[in-house]
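What follows is a pair of complexes built around chain A, which joins chain B in one and chain C in the other.
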Partner chain A sequence: MTKNDRWLVWLFLAPAVVLVAVLMYYPMLGTVIESFYSTSFINPDPKFVGLEVYRRIFSQQEFGQIVVNSLLWTMGVVLLQNVLGFFSALLLNQHLPGQGLMRALVLLPWVLPGVVAAIIWRFMYDPQLGLINSFLISLGVSDTGMAWLADTDTAMLSAIVAAVWKGFPFSTVVFLAALQNVDEEQVEAAIIDGAGPLRRLVDIVLPSIREVAMINLVLTTILTFNYFDMIWVLTRGGPQNATHIFPTKIYDLGFGQFRFGDAAVYGVFSILVLVLLIALYFAIQRSSRPRVARA
Partner chain B sequence: MRRQTPRTRFALMGLQTGLAVIVLLPFFWMISVSLKPASEPFAIPARLWPEDPTLANYISAFRPEFQVYFLNSVVVSLSTVAITVTLALLAAYVFTRAQMRIVGIIMLLVILAQMFPASAIIIPIYRMMRAADLLNTYASLILAYVTITLPVAIWMMRGFLARLPVTLEEAAAMDGAGPLRAFFEIVLPLCRPGIVATAVFVLIVTWQEFLFALSFTSTRDMRTLPVGMNDFIGQYGIRYGELMASSVLISLPVIAVFLFLQRQFVAGLTAGAVKG
Partner chain C sequence: MKRTLLAATAIGFSTGAALAQDQVTIRFWDNQQTESGLSEYQRAAVERFEAENPDINVEVTTIPYPEYQQRLLTAVQGGNAPDVSSLDQIWMGAFAEAGAVVPLDEMAAEANVSADAFFPGAWESAIYKDQLWGIPFNVDVWFFSFYNKALFEEAGIDPQSTVTWEGLRAAAEELTGDGRYGIGLFAHRGEDTVVVLNSFIFSNGGRVLNEEGSCALTEPQAVEALEYLASLAPYAPQGILNASSGSMRELFLNGSLAMEFWPALEQPTLKNSDLDWDFVVGHAPEGKTPVGAYGGWNLAIYESSPNKEAAWRFIQFMTREDVNGDVVDLIPANVAAAESFLEENRVGPDRIMEHLNNAKPRPLSPRYLEISDIQVTLAQDIYSGMDAAEAAEKACGAIDGLN
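Then we have the complex of A and B:
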């Protein structure tokens, strides 16, 4: 492409740029503006109220609960998913028999449609018919089983487990790709020097996948914070708000109760979280760049 | 690293089997229940495989409304894949070839959009679709899906295009080929693996998309499979056999495509991440 081909640059870029600008950036602005207006089912005409909706939402106990739920959900899923992803990647990098098949199979939960995954888990958690209670009762751990998704104490944990099962394969694949880029010669040299597997893991493998791991952590945090399907199908945010997180609350407020202003305030809050995480992402990328240059 | 003692190897094989069980048990359970006759009760301890497997659940699951949802999903997904891959290829080509500062900034803004929270922007998008009279149409879903899949698709295609040597196009230009001809005759054929990987990714995302479909379609005849499935939960009550049979039917197409093309797909998914 030369200087004379500028028209081609804009011709090729236009459709993608226009779509992303009109259907992603512009609506983001729309949400921020909407958060300064009040609407309700009884009063559908938007009325400018400044920070009034913010004041009302922040004073509700419910907001605090949703922040806490979102934190638990996001941290729980991200940590478990990446730990499981990392160790399964290590395992699938050991050249065991059946490895090729396993590398393909391990991605299946991630390929499975989210709604289907949620339905299967809803069924596994079913108090009467579910596999989990049936298993616990036959082992004698429990007499009657648990109402996993209907009990405020266990609902969030149950949702987290289901989401980790669905999401960890993605982390596995990313870590596996990073592991395959680890310098073999360095590993061989360490073996000759008598370094055991744990030593090699800490001194060679972990430092060389550090950057991919950090970026993966930030990315999965963003995706998990915004993941709607699993919780909506499992519990719809219940019981008693115990599993409501930002995306489910926004949907419920907007499309369930027509309180668009309230939904927008929750939306602005999740945009702020996103901005923070993106800033973190760039900070990590910047700080790791010199290491790459040296390598 | 490869010199495992037999005992280590045995332990590692055990762990690998454990991983396979974790991954596959829910799938196995889905299939097992889908084959269970309605008359066979759920026993404790659970019977892992039905005594008398039957396809009856599949026949009742494949009812007319399911067929409509299926057709809707196919139309919306395939259209999205075709449009997204085309637009992503064009944009990624410019992003890897144009030496202009402004293009670099635009690329960053477009790729950043892949992280946007759909729930935080869905109400304004819903309003726009309503204003344009597009609710309950394929167009509303295709427009939304193309937009949300474009950033990642561009990022994946970029990983491929960045590795194609520019010298090939320069040689074509020397031979008098215009930029469009160089693109269609030199670049396009070499991008096939990237196109396949990106298409599989877009298909997986679109086939399961739930939030936009739930919000933009209120009439039965326009719903896609994930929304239809969500409705089934209420309708079927505890007729889990049919619910699981429809789950299998929904999952099969996308799993088949994935297993068939998984090598190219995984290579494409990680190319961007590692070369980024």
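Then we have the complex of A and C:
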């Protein structure tokens, strides 16, 4: 590459770099700086307080609850979404009749806007008019149904189920692409050697899609940790904070209560978690490169 | 003659140039809470204003209620606030404290705009630290209790008996059963939860903050009101903690809910239904008068506005008796405009007027939104079975901890 080429590369990159710097890194840096100041809408002149806001927020019981909620939410959604996504991908990879139609249908929840999906689920969970309760009552499982989203014991699980329904097609598509790249010759050789479906799955399929699965897990973890609309529409973080996670809390503090400094602290914590997850994503991607090259 | 013509032409040109130079455009933001065609009415009123004030153009932006707070806050923070906008009564303290809006005392005094023309609680909601920060634009009161006439007749209950707490509880109990519910309660994270909670507290002589600005929810009147509300829970549809006044609407309209709390704004929706309904004016213990919590919006001028004088003329116009009723979807804050508006648009105008005159605003604190959030938690605590005194103690700890 000549010196001129290098300039040209930077010239082409410049618009993207400027946009990312202005729209992403500048606000992110601003958030980190703001977290060291005591600032809110009613205190437009920020006062530097160092780690004081961090100390106050970390000492609140609410912060611990939001960390636990975020862990439960993220792990629950990611695990169930990927398990469901993997098995749907296996099913769609069986060359069954009507496979094209099935693949299109499976994608439907994913292409629905998040808010629409959340509203549909809110109606389904409605204690009096919802489909879920009327189904349970018609089966005789329950006399009166349950207030799924109003009970601290069931609200998070209900939100997780809705998010899994919305998100599993993403995992299905990724797993399906990976399954279609599994070496057919290896599978056929295993069949000739008498390996059953389970053996083929464990010894051939899973090792072949390991990297893709890992990347899928990390990607869905990032997306789920940042997932705002499902919980906001279903519960607004309630009841009694039982479903508040980082994005809903940040929104609530910043726009609901005008507490920008407190929102910034939650934002910084959120950024740190995401940076770790993104680093993990790149590490996995890098470790998978030599294998791809050998293939 | 030639000189006169030249002079006249010169004056004509200079006046035209001056007009072009003095022409200002102000940006007005408002929010829309119902599908009432508000933005069209406002545009028609703006045309009238522009005809009366040819030197001022008005750009109207109507934003749906759920997005309004966020859009306004972002605009103020980004230095792109409109010249004039409606502000929720509960935001006045914060916007004033932040220096985002300007005091209007001098302009109001010069223009003879005074409290007399408006509902007392509405005027009070625009005063913070003894200064006037907005002019009341529209108002409403939570605590009109709408009831399904057929269900009450079927149960043989006189709806008027529910104006006392004892009567309401007895009626709610009687009306509950066979898939029907006596009263709709809600405690989701929203302001409707807080206004109903406050209406019961106010109706028992209680308050949220005392004169010093400290939490008053542990006072006996407030705790009694909380205990009373919790005692109604068995007669409400399950799922109170995630229910809103909106989610109760479906149940009321399909005939499975006998009574629900809404502002008078609910009337247009109910009028469009087949339901036979009416309302009573709140509930209070025997011998006390029901006091609702005020809701509504004030018009304010932003500090960043380069056209404050034009904005002030626009505010005067929008709150005028002959205009106010045409540009709001709640109730006009101008009392004279409200009288004719209610006569024309609402069932029971006299009852509504009486309630508007009795109502109390929510605490005028710059930290109101945080107080409101704590009150939502308080409501969720009592409906979850926590002892009312203990829940109030917890809420007061949080409110007093804000300072």
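By definition in this document, the second predicted complex is superposed on the first by the 271 of 295 C-alpha atoms of A that agree within 3 Å, B and C clash if a C-alpha of one lies under 4 Å from a C-alpha of the other, contacts with A are read in each partner's own complex, and residues count from 1 in each chain.
The rule is simple: contacts are C-beta pairs under 8 Å (C-beta built on N, C-alpha and C of every residue); 3 or more make two chains touch, one makes a residue touch a chain.
Just so we're clear, the structure is a prediction, and the values are computed from it rather than from any experiment.
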In the three-chain superposition, say which chain, chain B or chain C, touches more residues of chain A.
B
Looking at A:Ile42 after the superposition, I want to know if it touches chain B, chain C, both of them or none. Which is it: first, second, both, neither?
second
One more residue to check, A:Pro127. First (chain B), second (chain C), both or neither?
second
After lining up the shared chain so the two structures overlap, which partner does A:Val83 touch, if you call chain B first and chain C second: first, second, both or neither?
neither
Looking at the overlay, does A:Pro239 come into contact with chain B only (first), chain C only (second), both, or neither?
second
Classify the contacts of A:Tyr26 with the two partner chains as first (chain B alone), second (chain C alone), both, or neither.
first
Taking the superposition on A as described, I'd like to know which of chain B and chain C A:Leu276 touches: first, second, both or neither.
neither
Who does A:Phe255 touch here: chain B (first), chain C (second), both, or neither?
both
Going through chain A, the residues touched by chain B and also by chain C turn out to be 126, 128-129, 255
Under the definition above, what is the set of chain C residues touching chain A in their complex?
69-70, 73, 76-77, 93-94, 97-100, 187-190, 237-243, 247, 250-251, 256, 366-367, 369-370, 373, 376-377, 380-381, 384
Where on chain A does chain C make contact in their complex?
41-44, 126-129, 144-147, 149-152, 155, 235-241, 252, 255-259
Contacts from chain B onto chain A in the complex sit at residues 1-4, 9, 12-13, 15-16, 19-20, 22-27, 29-30, 33, 42-46, 87-88, 90-91, 93-94, 97-98, 100, 103, 106, 109-110, 112-113, 115-128, 143-144, 146-148, 150-151, 154, 169, 173, 179-180, 204, 207-208, 210-211, 214-215, 225-227, 229-230, 233, 238, 240, 243-244, 247, 250-251, 254-255, 258-259, 262, 266, 269-270, 273-274
Across the complex, what residues on chain A touch chain B?
1-2, 5, 8-9, 12-13, 15-17, 19-20, 23-28, 30-31, 34, 88, 91-92, 94-99, 102-109, 111-117, 119-124, 126, 128-129, 131, 134-135, 137-138, 165, 169, 173-174, 176-178, 181, 187-188, 191, 197, 200, 212, 215, 219, 222-223, 225-226, 228-229, 232-233, 246-248, 250-251, 254-255, 260, 263-264, 266-268, 270-271, 274, 277-278
